[in-house]
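Below are two complexes that have subunit A in common, paired first with subunit B and then with subunit C.
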Partner chain A sequence: MSEKPIQGEKRVFMTGNEVVAWAALAAKADIMYGYPITPQNEIMHYWTRMAPKFGRKFLQTEDELSAGFTTLGGVLSGRKAFTATAGPGNTLMQEPLSMAEMMRIPSVVVIQQRGGPSTATVIYSQQEVTMTTFGGNGEGFRIVYSTSTHQELFDYTIKAFNTAWKYRFPTFVLADGYQAKMRESLKIYDPEEKGVKLIQPEATIGKPAVNGVKEPVHVRNTYNTEEELFEVLTGYMEDYQKCAPEVTEYQEFDCDDADIVVVSHGVVARAAKVAVQELRQEGLKAGFFRPVTLRPFPADQLRSVADKTKTLLFVESAFGQMAKLAKESIFGSTVNVETLYKPGVGITSEEIVAKVKGVL
Partner chain B sequence: MAKAVKIALAGEGGQGVQSVAQIIAEAANEEGREALYIPNFGVEQRGGVSVAFLQIGDEKIGSPKFQTADIVVALSDRAVRRTSQYVDGNTTFVYDSSIEGIENDIPRNAGRILAIPAVETSRSELHPRVFNIIIMGAVIKATNVVSEDQARAAIEKKLGYKFEQNPKLRELNFKAITRGMELVEKAQ
Partner chain C sequence: MSTLPQMPKSWRLESKPHKFCPGCGHGLVLKALGEAIDELGIQDKVAFGCDIGCSLLAWDFFNVDTVQTHHGRTTPVMTGVKRANPDVICIAYMGDGGGYAIGSQHLVNAAARNEKITAILVNNCNYAMTGGQMAPTTLPGMKTETTPYGRDVEQSGYPTQGPEMVAAITRDGAYVARGTIANLKQLKSYLKKALENQLAGNGFSFVEALASCPTNWRTNAKDTWAFVEQEMPKYFKVGELKNPAEKGDE
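Moving on to the complex of A and B:
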C-alpha cells in the first residue's frame, strides 16, 4: 500500500491542471485515460509524473473517442477511472459519454474549455457549456460543475467522483484555459482526513463466481422496441429529477434589494463578484448570482431572484450558452434581460461595472 | 479594500519574462499574499511576443487578465507595440533604453515612462543570463509587491540547485536584483 499523496492540509501555489492531478490522486482515482489537447495537457503530464509513485496508472489512447471508451471500460472493470479534454476533444468525447448516460456508467471528465468552433484558439472560452450539459444524442443525463477558483477545482474534482458513483450519471468538472494555465494559491488536503467518505468503485463485469455460480451481467445501450426504451428513459428521468435538488449548487449575494443581478458562471464569476462589490460600494444596487452546477441548473433559485429584481444581466465568454439554460429556467418571468457576451475572450470586472452603469 | 497591483511583462521568447513573473508570484505567495500569474499562450511554439500577466494583493484576485496595468515592462520593440493597449494614465511604463525604432510607439498616455539600461547593464557589468533578474529587481522597485529579501529567497528556491554547483551564480543573481532596483531608482 503506497502512502497517501497528501498528508494533512497545505497551502500550495500551482496551475489549475496540476490542481486537477492532485485532486484525482486525493480522490483515489486508479487510472487516467487520455489524449493530449491544449489547454488540458498538463493534467496528463502531472498525473503521469505522480501516479506511479502511488500505484496509479495512465494509458494514452489514439484519440478522445478511445480515451472516453477506455475510461468507461476501466469503470466497468471496477476501477475509479477518469479522463480530461478540451474543445474538439470534448466534441469526440460526446460519443462515449452518451453511452455512459445510456448504461449509467459513473464517469468523471475534466474539461478545460478553449475557443470554438473547431480548432479556434487553444486559449480560453466558455463555449463548451451547451455541449457539456447536453452533448451527444440523448437527454442530458449529466452533472456539470462549473468551477471558478483553484480551490474549487480541487474540491469539485474530488466531489465529482463521489457524485458520479453515487448517482451513476456522467459527471463533468467544467473549467477553462485560464483556470488550466494560471497559478494561484489554494489548500490541498486529504479528503478522508476531513471526514469526506470516498465511495469505493465496484466492478460491473468480470466479477468472480459466488459459490461456483457466475451470474451473467447485461449492461445495455441497445433496445429493440420503442416502448422498452421509453420505459428505461422514464426511469432515468425520475432518478435525475430526484437527485437534482441534492446535487444543485449555486451562490448568490446582495440579491434581495437589487435593481440588477449579474448572472455568470466559472471564471467570469470572479470578475462579476468584484464588480458587484464595487458597485455596492458606490451605492448602486447590484446583486450576484452564479450557478455552480450548470446541469442540473439552479432553476428555482434563479426564478426567485428574477421575481424580486428588475433586470438580470447575463455575462459570459460565449454567445449566451449559460443564458440559454438560465432563460429556460425563468420561463414566464417578465424580468428585463441584458447581456454582455464575449465569446472566447476573458471578461474583467471593469467591463461589467461599465455595462451595469450603462443599464441602470 | 486595497486593489491588487497589476503587472504586465512582455518580451521576446527567451528574455525570461515568464520566469520573472513566476518567481515574483511565488515570492508574494511565500509572504502570505494573494498572487495570480497567467502567461499568454497560443498555438505558436516560438517567435511570438511573450506576455506575462501578474496580480498581487491582499485578497483573492478577480479575473485573471486585466484591461490596464499599474506597471507595464516591455523588453523589445514588438513588446512595446503589443503592450501599449494595457497602458492608461495610472500606468508606469518601463522599457529598455537600448530598444531602437520605437520613438513613435511609446505610449505617451502613461502616468510615468521610465527607460532603464537593463540590457547594457547585464552585458557590461554582470552577465547577459541575469538580464531577467535585473528586470525582476526593476519590477520590485517600481511596485513594492515583495521585499528584496523575499525576492532573494524565491530565487534561492528556484535556482538553489544551480547555486550549489556554482556559488558565484548566487552572488551574480543577487547583484542583478540590486542593480535592477537601482536602475528604476535612478530613472524615477
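Moving on to the complex of A and C:
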C-alpha cells in the first residue's frame, strides 16, 4: 500500500469531480459517506476506485440524510469524514448540517450546484448559495468556499478539512455542475510536501481510556431553557466573528478608479474576469470583485469598493442569492446597483461586456 | 448497609433520579441495558446514541460516551461511528416513531447492510414526548391525541411489527428479538445477546422493548401494567426471532 496518493507535484487534465476525490485523498480524508445525485456522482466513483489503495473507506448510504448523519458519526469518532451532494440532496443535507452547526462537528461537504428549485436540471446553477450559507434551522455558523477553477477545487477541498477542524464549523466547498463535469488542467500535489500543515483530527467519542481511566463525554443538541441556548449561541457567534477575518477570502482588481465593479462568484467570476479585462482594453473603467468565501462574506472589502465606485453590477446564475449577501454587507451605501441574473444558466463574458456597456 | 436499590455501575449517578415520567418504561429498559453493559464489562468501549423524543432524556444517563442526535437519525450517526472506528461498541437507542416512521429508511437499510451496531427500540404505542399522538405502533382502536376515536385501521393501517420486518430483511449474522419490561430478566438477556452479537462481529442486532407510558395512556398503575403485560404482547409477540449464536449458517 503506497502511503502517499500523490508524490510531489503533477500536472493533470481531469474533471472537477475527479479533482475533488484526489484532493480528499491528499488531505488525508479517512472516509467518504455518499449517496448518488448528479452532478457530483464521479466524486464517489473516483473515491471508491482509489480509496482502498490508500486504506481509506467508503459507505454508500440510503439517502442524503443518512450520508450527512453518518458523516457526522465519522467525524465524532475522530476521522476526517466528508460527503458530497447537489440540489435536492443539498436540501436533505441541511438537517445533518444543522446538527453539525449546533454541536460544532467539523464536517466537510462538497456541493456541485445543479438547477433548482426542486429537481430542475442536473446541469448547472448558482442557486444553492442561500441554502449552503444559511440552510437549516440555524444561524449560518458555517464556512463556504465558492471555487472558480479546478486548481481551486483542489486547493480549497484540502483547505476545507483544515478550516473545519481548526474552527469546528461545518465547511463547504461550493462548486457547480460545470466545474464538476468540465475537464481542465491543474497541478495536484502532496500538501505537506508544499509546506501545508494538515490538521490532525481528534475524536469526540470513542477515545481510549488514559491510564485505565475513561472519561465519558456527553454531547447533545438539545437544551432545556432559553437562557441556556442563548448562552451557547452567543459563544458560537463570538467564535465565528473572531475567526471570520482569518477565514474570509476575496479577489479584486481594477476597482480603485472603476466606474462600475462587476461582483460575481464561482465559475461566473471567470467570465467576469475576462469581461473586465476586455472592457479595460477598450478604455472603459470596469473593476472586478469576487467573494471567495460566501460565508463569512467579505463585507468590509466590498463595502470599501462600494464607497469608491459608482455602480456595482451583480452577476450570477441565480436570482440574486449572492447579491442578497452582498447588499446586506453594503447596507446604507448609496452606490448604484445593477444586476445580470440568469438562474440555472451559464453566463459568458460577452453578456457581461454588453451589460456593462449598456449601463455606462 | 445501604438500603438504596442497586444501580448499574454504568449509570451516571449525577443524573439520577432520571428525567423520565413516573412509571415510564424507559428507566427499566435502560436499567436492563446498564446491567448488560456491566456484565459484559464494555462500559469504556460503548458509544450510546439517543434519538429525539423521550429517548433524548437519556443523553446524560450513562457513564459512557453519548451522542444525542435528531429524530430518526440515531441509526445513521452510530453507523457512521462504527464504520469509521470499528472498535467502538455502538448502541442506537430510539423510540417507535424514530425507528418505524421518520427513521424507518435508516433502520431498514442498516439492517439490510448488516451494520455491526446494536439498535434498541422502545415501543410504547405512541409519540410520548410530543404529547401522545398516534405512532406506527399504536394498537388498533387505541385512543391517542391524533386518533381521539381510536386508531382506525382502514385509515391508518395496522401497527408496525418491527422485529418481524427486521428479521425478514436481514440475512446471516443478525440478532433480532422483542422483549418487554414485564420480563426484565429476559429483556436483559436479549440486550446482552444483541451486544454480544456486535462484539462477535456477526452483524446487525435489534431489540424492541415493550414499555409503558402511563402519562399519555392516562392509566393508573394497575391498568398500565395490565396493558404492558396483557394487551401489548397480543399484537407484539415477545421472543427471539433470530439468534446467530443458536443456529449455524444456513
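Here, the second predicted complex is superposed on the first by the 358 of 360 C-alpha atoms of A that agree within 3 Å, B and C clash if a C-alpha of one lies under 4 Å from a C-alpha of the other, contacts with A are read in each partner's own complex, and residues count from 1 in each chain.
Following the convention adopted for this analysis, a residue touches a chain if its C-beta (ideal position, glycine included) is under 8 Å from a C-beta of that chain, and two chains touch if they have at least 3 such contacts.
Predicted model, so just to flag it, every value in this text is computed and none were measured.
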Subunit A as common anchor, with subunit B and subunit C clashing or fitting: fit
Touched partner set for A:Met182, first subunit B, second subunit C, both or neither: first
Partner chain(s) touched by A:Gly346 [first = subunit B, second = subunit C, both, neither]: first
Touching partner for A:Val268 - first (subunit B), second (subunit C), both, neither: first
Touched partner set for A:Gly89, first subunit B, second subunit C, both or neither: neither
Partner chain in contact with A:Pro291 - subunit B first, subunit C second, else both or neither: neither
Subunit B versus subunit C as contact partner of A:Gly136, first or second or both or neither: neither
Which superposed partner A:Ser66 touches (first subunit B, second subunit C, both, neither): second
First (subunit B), second (subunit C), both or neither touched by A:Pro201: neither
Comparing the two partners subunit B and subunit C, which touches a greater set of residues in subunit A: C
Nearest-approach distance, in Å, of subunit C Cα atoms to those of subunit B in the combined model: 26
In the complex with subunit A, residue positions of subunit C that touch it: 12, 43-44, 47, 52, 56, 59-60, 62-70, 73, 76-85, 87-88, 105-106, 108-109
Subunit C contact footprint on subunit A (complex, rising order): 30-31, 33, 57, 59, 61-63, 65-66, 68-79, 81, 95-96, 99, 203-207, 209, 214, 216-222
Contact footprint of subunit A on subunit B as seen in their complex: 1, 22, 25-26, 29, 34-43, 60-67
Subunit B contact footprint on subunit A (complex, rising order): 13, 38-39, 121-123, 149, 177-178, 181-185, 267-268, 270-271, 273-274, 277, 346-351
